[in-house]
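Quick heads-up: structures coming right below.
Paired with subunit B in one complex and with subunit C in the other, subunit A is shared by the two complexes that follow.
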Partner chain A sequence: MLPTTILIVAFGSAGFVYLAGRVHARVRDTLAVLSSLVLVGLIGLGYGAWREVVYVPDFLGLELVLRLNLLAWFFAITVAAVVSLSTIFSLSYMRRKESANFHYSATLAVEGAMLGTVFAGDLLSFFIFWEIMSWSAYLLISCNRGRALEAGLKYIIMSLVGSCAMLIGLLAMYSGLGVLSIPLVAEGMQAASPGFVLLVLLTFGLGFGIKSAMVPLHTWLPDAHSEAASPFSAVLSGVLIKMGIYGFVLLMYVVVGLKLLLGVGAGWLTFRHILCWLGAITVVVPTFIAVLQSDAKRLLAWSSIGQIGYIILGLSFGTSLAFAGAIFHALNHALCKSLLFLAVGAVEHNTGGVRDLNDLGGLAKRMPVTFACALLAGLGLIGIPLTSGFVPKWLIYRSLIEDGYPFLALAALIGTWGAILYVYKLLHNIFLGQLPEKHREVRRAPLSMRIPILLLGLGILVFGVVPGIPLRAVQDIGHTFGLAQLKVTLWGLGSEAGALNMLNICLAVVIAFAAAFLLLRLGAKGRAVDQEDSYAAGSAVPVGRYHYTVDFYGPLSRMISPYLRDRADEFYYWLAARGREIADLTRKVYTGYAGTYVLYIVSFLAALIFLQLVWHIW
Partner chain B sequence: MVTRIIHIVLSPLIALVVAVFLLGLSRIVIARIHRRYGPPIYQPIIDIIRLMNQQSISHGTLFELGVVLALAGSIVTVLFIPLGGTNAPPGSYPLAHGLLCPLSSSGGLLVVIYLMLFGPVSIALGAGASENPNASIGVSRKMLLALAYEVPFLLVILAIMSHYGTISIAEIVSRQQDSAWGVFSVPLSAVAAFLILPAMLGIRPFDLVGAPQEIASGPLAEYGGRYLALLTIQNGIQVFVVIALFVNLFLGGGVNVITFLLKVFAVFLAAELVSAVLPRVRIENALRFCWTWPTGLALAQMIITVVSR
Partner chain C sequence: MVNPILLIAVPLGLGFIIPLLGLIWEKPTRYVPAAAMVFNLAASLLLLPKVLQRPWVVETAGLPPPFSIHLVAGPLGVGLSLLIALVGLLVAIYAIGYVREGPVAKYHSLYLFLLTGATGMVLTADLFNLFVFFEILCISSYALVAYHGDRAGTESSAKYLIQGAIGSSLVLIGIGFVYGLFGTLSMADIARNIDSVSPMKLFLPMAFLITGFGVEAAVLPLNAWLPDAHSSAPSSISAILSGIAIKAGLYAVARVLFTIYGADTIALLVLVIGILTLLVGEMSAFSQNNIKRLLAYSSIGQIGLIVFALGLASALGVQGALFLVVSHALAKSLLFLSVGYMIYRTGSMEISSLYGMGRRMPVSALCFTIGAFSLVGLPPFIGFPAKFTVIMAALERADPLFTALVGVVLVGTVVEGAYFFRIVQGLHFRPPPESATPARADQEEAPVSALVPICLLAALIVAVGVYPSVLTHYLGPAARDLLDKAAYIHHVLGP
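Right after this comes the complex of A and B.
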């Protein structure tokens, strides 16, 4: 009964938390944190207890099923962990805010819906939970009013387009196969015609592509991520867009199946190739748009799209190495990006709402823990060895290179070098350089903010040094889809050529660090100086404004910004404007005067009579 | 196990000695081209000892940590790069010995290109913590320069990895020793790599990152004393790593350490000869240069490689 229990706890606590907020804020906070932690515990306990539960035996002649398997568990535990950390973070962030009641309750509802989506054992329940997730996320995004309303509207309209496409696919499947339970559908698909398979791939792919923000369906994400409250941005970017990735896994590897998937299309123009190239574009273009941003959360939002590109690339490439890389990277991105959003949220909280990258600086000395963890997460996004980002990216590159797709590998690698640029810009402009006068009084983040940030940072480090833990789960998932087994060891991969051993790298770094440190200790000690005491080649130093941030990558942005217009966004706005024109035209027909309508009815009747008299149709 | 430990100690030591020697050599070569006498070849050693004893300033933990991490990163990178030797059975070549590469079986070239980031990123963090805008400007330039040369460099190594069908440097080296050197089998890549070599080494005409007359040595503006000493060593090792990589990828490595190091000196001299007669360029020009000729050549080679497979 476990999946049902988990869902009941999630949705139940969403309701209770709201009621508790009416009683007292402290009760609500305790309840929200407790229930999110209980969910982590329950899902953790569910490991290994794989089962299927029929929770509604007869719904219009269909069984509604929840199931727990390794794939669902992997995504569920990530969701529960990130949401619970975000809830703990909210304790300080949401204190004394009007919308706090709603925030906690809706966050838990989103969590419940996400868990329902991954637990769903049939496509109808999947669709129902998917819709709950979209709508409750919409409410949370537009919670801040103002610009957030527009961002939320953009999100929900795009989500609805995706849902409609999915509904079409769902109905086609039901009328074609007569079943919606995932294993039965998968069985039915093997005998289906190629056109039908393509229809299913395209309709569901549209829905999942919009949710995971794949280029060119990404345009809702930069607005929604930057306008939502920071703890929810962490959930949004960390796990909610991963539901699109879960959908892709379900669609490509379970419902359609790898064997059938490889056969869709002709020659070079296959579904898989097109998705690979979309993934590559998703890596490169948004990464460089992120470099140009000057709003911390917008930068992170664009970076999210870029990182999703790696996951799509790995998934659609479809070898066991690339698949393992993709799923591992989903976990890595969940950790790194939620940490970065929380860190930016902590800065925002402590400086009174500043997230403009040209208006901060030097905060590393005021918020050392936040800085250290944000640094770790930034390195994880780049994929520096000994962070959890290295192994997944290495797997993806290696797969692309050894299978002879160097251009895709080039896109992936260049995306990484772009990531270095925006990560350094983010860290430098917020935490390094000189501390401006107005931020002198900034204190370190409250404990309830530092704990989630620290835990996420720890996760990045542990999965970086001991990649075998997630890798083993990931390769078991791949194995159930018929992918080849990898030789996973605790420290990496063991095979004859091109093996990977993080223990070697880790030991080498530690020893080299110790050697370099000893060498440093041999020299004369440095004298600590103040930030004003720095070398300016004889010119006067303006106190408190001596931080180089504006136009940080000026020469580059002047060179590339003409090529980086978001044409997809412009196209959708153009479409929306045309839609409005058509709507305006139709509104001219509805004048609101009874006389006009009578005229319409009379002329319609007259036309009918005329038709009958002339051609004798009836 | 014992030989492995010896190799692990030996590789960084070779790198260290050669790095300091290369720094001294470059000063002499440039001086001779400028018709000056130049300092003695052991001048960098004197400088490092002097710097270690000089007083310096510190801007906090990250400022110091950046230096240590940068040096550590460079030392670690050396462990992943073959420094001569061969995997061929004994007796195939005169004076050959086993491959000197302690960590050849841990991820190959893909790990090396990531580890090569360790140094610059650490210096960038330390320089950022130095609270001096000249340092920040220098780092911004370094990031852009790195992006400028990484595009052709990635194309080059992808062409090589596709050509040899492996990501292991040791494998690439032994394949070259069996047949033709990389400079003959992927010639356009070799030319492209040589064109961006000054940018990767940070020497003229691409010394805009630490331009002393413009931005007070950039990232190094606040560093002095023991920090500068360590950064000098780090810079030397980084130079050695880049050139060693070039030798391994295009000149077939070396059957023993001596021939390997001779090739390293030859490549370094060639790069210095180019550098000694050219003025410094601006960062825009560097971006434009790297993304035209070297990128074009590397791209052409990659297309040829992919098509001919």
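Right after this comes the complex of A and C.
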């Protein structure tokens, strides 16, 4: 009954929180935080359990099933953790905002829908929860008003296209196999024709590709993630796009199955190859677009697309190393990206809504905790050792090189260089350098903002030093799909896959730090300087006249920006404009003149008779 | 047990009493339609379990079929009369408060006639009687469209009248042909003898009947009256026209096609007409600025989807079509009703003037959102299982052509989603226009007499969306009632 209880709690609390908001803001806040924490607890209880529950016995003649297994649990706990931290963060962020009631309640509804999606034991429930997730997220994005409206519209229309494609695949499967329960479908697919498998892969792949923002289906993401309210941006980037990844895992490893998947296509033109090259493009191009952004949240949004590219790259290989890397990276990205969005949200909250990177700077001393944690998350995105980003990237690189794909490995490497650039830009422009005059009054973030940021930072550190915790779960998941077992130890990986021991790395880092510290101590004595006492090109900079952060990476962006137009986005806008023109032309059928209408009726009758006379249609 | 004939007699009789009552005391007349529909609702509910086992053939003049006029209360007929009574009742409750100006007694009387016509159409077993009820429905709707007496209403009513009259005369000519060929007007009797006449001779009356009924059923290109009529009528009438009246026309077309002619061969043509209607309807709605016109065009789109489902001519397809009939009747009347008071408050039908209504009229705006999501086909609302069934029926064929057609149908859904999502955003998240005069907060929300039907409709949409099996138990037999020609003949004429 556990999955059902979890869903009832999630959706039920979504309703109650809204009602509580009508009574008193404090009641609402307490209830929202409590219920999101209860959800974390409930899901935590389900670790290692394997359940299957029929929750609606007859929906159009089909059984709707919820099931709990390790894969579902892994994604569910990530979702619940990120949403609960985002809810805690909202306490100060949403205080006294008029849409707070709706924000809390819809966040819980989105969480419920995401949990339903991962717990779904048949494809129909999967689709139902998927759709509920789409429209509730649309409402939640739109609720930030202003430019968020267009972003929300773009998001939901693209989602709708994806879910329509999924619906075709889903029902084609149903008419072909007669079942929708995931294990039975997986069984039935083994005997399916290659064309049918391809139809399923393409239709579902379109839906999942849109949700996970794979290039060229990514165009909704930069708008939606940057325009949504920051706590929800964290949920969007942290876990909602991971639902697309979950879908890919389900599709490729469970429904279609590895054996069949590797057989789709011929020669170089296989599904797998196309997917991994799409993944590589998704890594490289968006990463450099991210470098060009001057809006902090837009930068993070583009970086999300790039990071999703790594996950897709890992998934498309189908080896146990790459798979473990992909799933671990999904977790890593969830932690790092939600932390960064929350950190940017805290800055936005403290500076009165500034998120333009040209306008910030020097906040490190004012918001030290936020800075430290954001630094950690940035390093995690890059994949520096001792953060949770190192092991997954190591796994992905290793399997790329081991399987003999040097170009893909190069693409992944280029992506990491880009990540270094944008992470540095983000951290520098917000936290380092001069403090602009207008931000002199900025104080540290409220406690309810620092707690979730700290917890996420702690997670990044712990999973970085002790990667065995998540790796063990990940490799157990892979094992259920028939992937070879990895030798996971608490500190890394056993020998035959290439030993990896974080303990040694830890030690090395500590020694290096100690050496550097000693060296600096023994050398010249440091001098404490004021934050303004910095220099550029040898001469002192007049305070308030010149700002480092403006036009950061100017030469680089002038060099690469001509190559980085978002052609997919332009194409969709072109398509929409043509669609509108066609719609306007179509409307002219209704002339408003009764004579024409009468003509229509008479010609319809005449056409019917004509058809019969010529072709004997009846 | 209630006699099915009372389903027609009670509203018809009360419809005639209203003007008389209105002469003495006008005030109570507005409660009469609701009372009549409560009766119909209760009677249909009582009848439904019985007719599911065996249709009830009612003889009106003491002669067994095929002589004299008779009614057949089968699963489809009673099911649809239940739907008519339900929507009719809710709209009647809405109208109690909504219709205040003008000839109120006449409104209520005509409204009852309209519902009588629709109920009669779905219950009758006689082709000419079908035409009579069809005319009752049409004439009362011509008058009701022009109820406000303003220029737009009168003009669109006149256009509607012209096209409707042509349609009716085509139906009449078709019936004349049929009578000439078979010498009988009982639908079962015609159906029994249909093979005795050459296809060429048969086709002509069919073409006339389909075109004639098709005008009311609003299939392309016979639907040009609809956007005008639905948008300039009072909102309660728009609701009943979109929710019920087109469905009655569609019922007539389906009866003629499936039960009388058993026309599987032209199913593909029906399918194509359905798709064209769907696409043209949705695309015309796409850039509409007038909310009621937009809803009217969206009705055309939905009708197209229903016709598409009928054109699949399979048990599941027809079941899906009936599911859509129910879902569209509930959702579209909900949309028209909830938007009615918004228009009343702002005095404008421009979508941009409805911005920010989510704050001023939260309940109405919420219910509008539910209706819009349901029409797009999002779970957990009734539109989802309905659309799902239709697409399931289309993909059941496992034919690449049908898969491609479903793709085209879903393009319509995306367009539909695009405009509804835009409106929903406008209602809840856009700032109200500058000109909006914020009145006192307690005056803003629609009155209770409007909120009750709106909320009931929204609740029904959610309830059936979550538990579609409450409906599917009845849709299966109803679909068979329409498709299974032999059983229909057997029930009416005996073995």
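The rule is simple: the second predicted complex is superposed on the first by the 580 of 618 C-alpha atoms of A that agree within 3 Å, B and C clash if a C-alpha of one lies under 4 Å from a C-alpha of the other, contacts with A are read in each partner's own complex, and residues count from 1 in each chain.
Simple rule for what comes next: a residue touches a chain if its C-beta (ideal position, glycine included) is under 8 Å from a C-beta of that chain, and two chains touch if they have at least 3 such contacts.
A quick note: this is a predicted structure, and the numbers were derived from the prediction, not measured.
Of the two partner chains placed by the overlay, only subunit C lies in contact with A:612; subunit B stays clear of it.
When the shared chain is aligned, no partner comes close enough to touch A:269: not subunit B, not subunit C. By the touch criterion stated above, A:375 is placed in contact with subunit B alone, subunit C being left untouched. In the superposition on chain A, contact of A:577 is made with neither subunit B nor subunit C. Judged by the touch definition given at the top, the superposed model places A:597 against subunit C, while subunit B stays out of reach.
Within the complex, the subunit C residues that touch subunit A are 158-159, 162-163, 166-167, 170, 199-200, 202-204, 206-208, 210-211, 214-215, 221-222, 224-225, 227-228, 261, 263, 265-266, 269, 279-280, 283-284, 286-287, 373, 376, 378-380, 384-385, 388-389, 391-392, 395-398, 403, 406-407, 410, 413-415, 417-418, 421-422, 424-425, 428-431, 467-469, 472.
Of all residues in subunit B, those touching subunit A in their complex are 8, 12, 51-60, 62, 64, 67-69, 71-73, 75-76, 79, 103, 105-108, 110-111, 113-115, 117-118, 121, 124-125, 128-134, 136-137, 139-140, 143-144, 146-147, 150-151, 154-155, 158-159, 161-162, 165-168, 171, 216, 221-222, 225-227, 229-230, 233, 282-284, 287-288, 302, 305-306, 309. The part of subunit A that touches subunit C in the complex is made up of residues 56, 58-61, 127-128, 131-132, 134-135, 138-139, 142-143, 145, 148-149, 152-153, 156-157, 160-161, 164-165, 167-168, 171-172, 174-176, 199, 579-580, 582-584, 586-587, 589-592, 594, 596-598, 600-605, 608-609, 611-612, 616-618.
The residues of subunit A lying in touch with subunit B in their complex are 362, 364-365, 375, 379, 382-385, 390, 394, 397-398, 401-402, 404, 406-407, 409-410, 413-414, 417-418, 420-421, 424, 427-428, 431-434, 492, 497-501, 504-505, 508-509, 512-513, 515-517, 519-520, 522-524, 526-529, 531, 533-537, 546-549, 552-553, 555-556, 558-559.
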